[in-house]
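The letters A, B, C and D name the chains in turn, as written, and every chain counts its residues from 1.
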Amino acid sequence: MNFSSDNAYGAAPEIVQAMAAAGISPEPSYGEDQFTKRLSSRLAEIFEHEVAVFPVSTGTAANALSLATLCPPHGAVFCHAESHIVMDECAATEFLGGGLRLVALPGAHGKVAPAAIEAALPSFRRGVHSSLPSAVSLTQATEYGTVYTPVEVAAVTAAARKAGMAVHMDGARFANALCHLGCHPADITWRAGVDVLCFGATKNGACGAEAVIFFDRAKVRDFEYRRKRSGHLLSKMRFASAQLLAYLESDLWLHHASRANALAAQLAAGLAAVPGVKLAQPVEANEIFVYLPEALANRLRSDGAAFYDWEPPAAGRVLARLVTSFATPETAIADFLARIRPT
Amino acid sequence: MNFSSDNAYGAAPEIVQAMAAAGISPEPSYGEDQFTKRLSSRLAEIFEHEVAVFPVSTGTAANALSLATLCPPHGAVFCHAESHIVMDECAATEFLGGGLRLVALPGAHGKVAPAAIEAALPSFRRGVHSSLPSAVSLTQATEYGTVYTPVEVAAVTAAARKAGMAVHMDGARFANALCHLGCHPADITWRAGVDVLCFGATKNGACGAEAVIFFDRAKVRDFEYRRKRSGHLLSKMRFASAQLLAYLESDLWLHHASRANALAAQLAAGLAAVPGVKLAQPVEANEIFVYLPEALANRLRSDGAAFYDWEPPAAGRVLARLVTSFATPETAIADFLARIRPT
Amino acid sequence: MNFSSDNAYGAAPEIVQAMAAAGISPEPSYGEDQFTKRLSSRLAEIFEHEVAVFPVSTGTAANALSLATLCPPHGAVFCHAESHIVMDECAATEFLGGGLRLVALPGAHGKVAPAAIEAALPSFRRGVHSSLPSAVSLTQATEYGTVYTPVEVAAVTAAARKAGMAVHMDGARFANALCHLGCHPADITWRAGVDVLCFGATKNGACGAEAVIFFDRAKVRDFEYRRKRSGHLLSKMRFASAQLLAYLESDLWLHHASRANALAAQLAAGLAAVPGVKLAQPVEANEIFVYLPEALANRLRSDGAAFYDWEPPAAGRVLARLVTSFATPETAIADFLARIRPT
Amino acid sequence: MNFSSDNAYGAAPEIVQAMAAAGISPEPSYGEDQFTKRLSSRLAEIFEHEVAVFPVSTGTAANALSLATLCPPHGAVFCHAESHIVMDECAATEFLGGGLRLVALPGAHGKVAPAAIEAALPSFRRGVHSSLPSAVSLTQATEYGTVYTPVEVAAVTAAARKAGMAVHMDGARFANALCHLGCHPADITWRAGVDVLCFGATKNGACGAEAVIFFDRAKVRDFEYRRKRSGHLLSKMRFASAQLLAYLESDLWLHHASRANALAAQLAAGLAAVPGVKLAQPVEANEIFVYLPEALANRLRSDGAAFYDWEPPAAGRVLARLVTSFATPETAIADFLARIRPT
């Protein structure tokens, strides 16, 4: 009953096998290998667009390096107050971006809304005295497990564009969002105005591999220098690319994500039926935010369930985050629900 | 006949298998897993000392983050003019170190000598007007494939200590140096005065894994924050640690390194016997620096040999670097030598 | 009728004369001169405490360098959402602090309250994933022209201390706050728990001179390196110190500030009496925040009055900021009030 | 007999008077004032070219901010090994430049030669693994008190241009160089290929004012943001600009520099005539590098002479640096020479 995070589970066998198959024989290093080249082609196909693809080993690196590339060091990044770049990356974007500023916006369900962007802009009208609004960052699926529709993404990117800002998407759970929507990958990225996507695989079955995808080669600018200078250029890049290729092969990424989403839905349905338990957010991807009576939360933990307290307990209840993954056993759901039902 | 670099070859099967075995079942993320814990114990055993161990995915990250930790941002790092941190990492140490300064010292055979440290110090005597000499960085084996003896390491660290400087060792080819010396790992590290070792595995058979090893826990300071803020904290760290564990298991690391060293020695012996060919550096690890007539170099390349021109061709000859690895086939040596012999 | 800012006015004659008197004859450079030494003694006397004093030429430098010294690069600075470091310094603190994070807190009248600090802390409990709460920054007088009482300062510093955070005070208008309170300088600084004060003189009559004052020498750490490395170590420091000495001589600083405060009070009283005009903040120092009907604001501007629109006009009214200074002519107040009265 | 540095002397009366005259009445702040505007016009006239002018308060700020603007953070700046940016600014350029790299070149008489640039370039041919050679920095007059001729400047800028590098001139002693050459300011700046000049006034009679001068507005890029973010945007900029205006008025700058140069020549001539004393560098501006017997150096110091030991004493002699300034009394020269002559 481990619902602590999607990175608690290990790697899919298909992915580790692909690393083994990437083999021992010589390949050009630093990304000139055949795997990285095939990865670019495969992603171009999936996204129905030319792409410039750069594998890195963590999501924090992907986010911080791409934002540092989109923004000047005097830039400001508008993002949701609960986004990973604000809450979980220890100011990596500020550091790798040369001291830039994140601007934390409020927004229901973890989503940035066009109105929030517009409301924040007037504070930045004083020339060199203010940071320059340079990028908007969206998280898809959001930190609250909700999903922007294509129309919502397009509305945000339109507001960004109007203000001269680029658009970054943190796609650590991109596959989960896509499965929920059932649309084309393009529909929530370049076609909706996104400039760069941090395409996550680690949370959804890889050992450690994320792809930074630029949809406009001109925006790549000095990204490759930034990746090197921060220690993120992998010498044997074939092993990151092989993971990503296997992830995309036979739609493994989508199978994984649908499975995780389905388990979340099942868990959410079970939870919603329990008196005194209340879902805090719509469950659209693979995360459940739920208010549990503190006594119940404690009992579940002593029974071996693992989940994360999103907020410190208050008023006798806990806001718990439960995450399902590609590898969560179905029995974990059943067990958990069995224990939660009132006797 | 690929002698271009030791990172041209892939990964050892034992290492990829260990990643597969690290599995899919839940483990705490971010380094709290059992693999990372076992890795620490294993390294403490190998180094006969308490250690604080931090796996990262690249050597550049290992070097830059450990130096950034040893030095204040106003610090200076003394290192060889041909060292990797000076020549091959695009100023990553300066960047991740908050603008610190590398001081490139001359030195025969790629080695920093105590005299070079002493000669450089007087330039840094002007208080806040000068950078503060804060660390000496050694590369073991050096960029020229030569190896510091324990006595040589101790002499450098004594000079560093006298000047109040910490000591960093770039051990991207540490195993190769160790095999050449036949000493204990401790003899060329903490016992000889080294504070932090960047213990390389990638060049010697891993997919992408290096361990930053501190021999004094007090020197770790804010390293963990630095690792996170630069995007180098791996969520599923088990997969880096599993690589390193397999690397150390049954002395795989030493088998690999001895093999690479032996092939280099064989290749060097063959080269030395050819008229007009001249070794430029002693061959002590797995790198050969050799002057080749330009015509010969060109012919070898057209025959399919891959190696690196250390300097642009001049005066009809090329300074070639040839690197052997754990996976270089013996036939590559034989083939290469067969083609090099005058007919 | 220039109420645009207190830095619109020039310098007091006493201050420029002191610069002239600092003369042409040789003095040690970089702060070893007699003027800088006398400045330290004078400030120790005024603050009734040992001090380490560092003159710099701008308030932004004073704030950013002192915060960078108090905080590690992975630190977070808690401060008011409307503070100068958040709104007016283009992320200088983030830049000079090596990528640290400002956390913008809400708070009535531009003041940080202990409760706001406590409410923000739980977001930073995730070890290396979160920035480390390292300093609280207060602005005295605040950006809204209000003043923390000694009791209020002490309450904030107690909350900071409890969370292991240092306390910084942006005192660009410190003299104005002090005159309002009528207390000892010590009462709102070290005696109330402040670690470092950026003591402003520029806005209150100097050409360009601010003193960073540490009340605990141990907290100075690497400040002097930081000042040098950012280009803020003045070679002929005597000229900054001479300004500050003249500023403190015969209580010039307090005369200036009382005058500015008195003019503000006079202006505020006049404004408050006008129907349709509404003070937005208590007027305690030398700034007035007032809602003016848009038509009135426009008319005043066309009559030659200068003031700053704090927010873009909305709903037919303007939130205007009017600032009085040591050199604002009394006639400017009379003229302005004459034009504002309904006919 | 103070020859320790040209910043040991204070400020010229004309310059402090101009600050007084800049007055108390309102002016727009942050550089929109009439003084700064007039300064730009005056410099355009003097340099016979359009200019973008930015006053700052220190030479370190001028150098570091302009180089940070000319170079990307992954850039390398080629400069003389003895230049101020290498030896005396505590890596300010690396810090404010976001971690860029200085490349210290050898060169007779403190000058960078085209051949040294060409010799250094091949080390930087490895794409993202190497820093990108982005700017050449010249010091005019050099740290050794020698002066580049217009032809020499043009030769260096041609080599820079060929390598795609911009050209920066550290002109802390620009006036002294100009007086030595007797040419037009344009002849050793834009007309000879210089992109940006850090035009010094502090060492030559100002309180603390330097002008960063861009000869091509397109190269200004984000300089204004960088100035602000590093705390170098002066709110009451009129006082820096007034200093620079007075400095340029009636050719005060040239009178000062000629006087300092003449005193240096006189001192050098006297020194050269003394047996056992040997000039180490041609004396072309206001600095003298001279080998003195150690006993003589000690005696002079005990007689009250102040000068700087460029190197630690060795082999019984001292390499002394003596600097003359606009305000050095003629009697100091006579006194010094009287004491140096063998009796």
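One rule holds in what follows: contacts are C-beta pairs under 8 Å (C-beta built on N, C-alpha and C of every residue); 3 or more make two chains touch, one makes a residue touch a chain.
Only a predicted model underlies this, so the values are computations on that prediction, with no experimental measurement involved.
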Of all chains, the one whose CA centroid lies most distant from that of subunit B is C
If you tally C-beta contacts across A-C and across C-D, the winner is C-D
Dist(centroid_CA(subunit C), centroid_CA(subunit D)) in Å evaluates to 34
In whole angstrom, the CA-centroid distance of subunit B from subunit C equals 51
Taking each chain's mean CA coordinate, subunit A and subunit C are separated, in whole Å, by 41
Flagged in subunit A as touching 2+ other chains are 73-74, 89-91, 95-96, 98-99, 128-129, 225, 228-229, 233
Contact graph of the chains (line, ring, star, complete, other): complete
Interface with subunit A, subunit D side, in the complex: residues 72-74, 98-99, 127-129, 132, 222, 224-229, 233
The answer for subunit C against subunit D in the complex is residues 2, 4-5, 7-13, 16-17, 19-20, 22-29, 56-65, 89-92, 95-96, 202-203, 207-208, 225, 228-236, 238-240, 306, 327
Given the complex, residues on subunit A that touch subunit C span 73-74, 76, 87-91, 94-102, 104, 122-123, 126, 128-131, 311-312
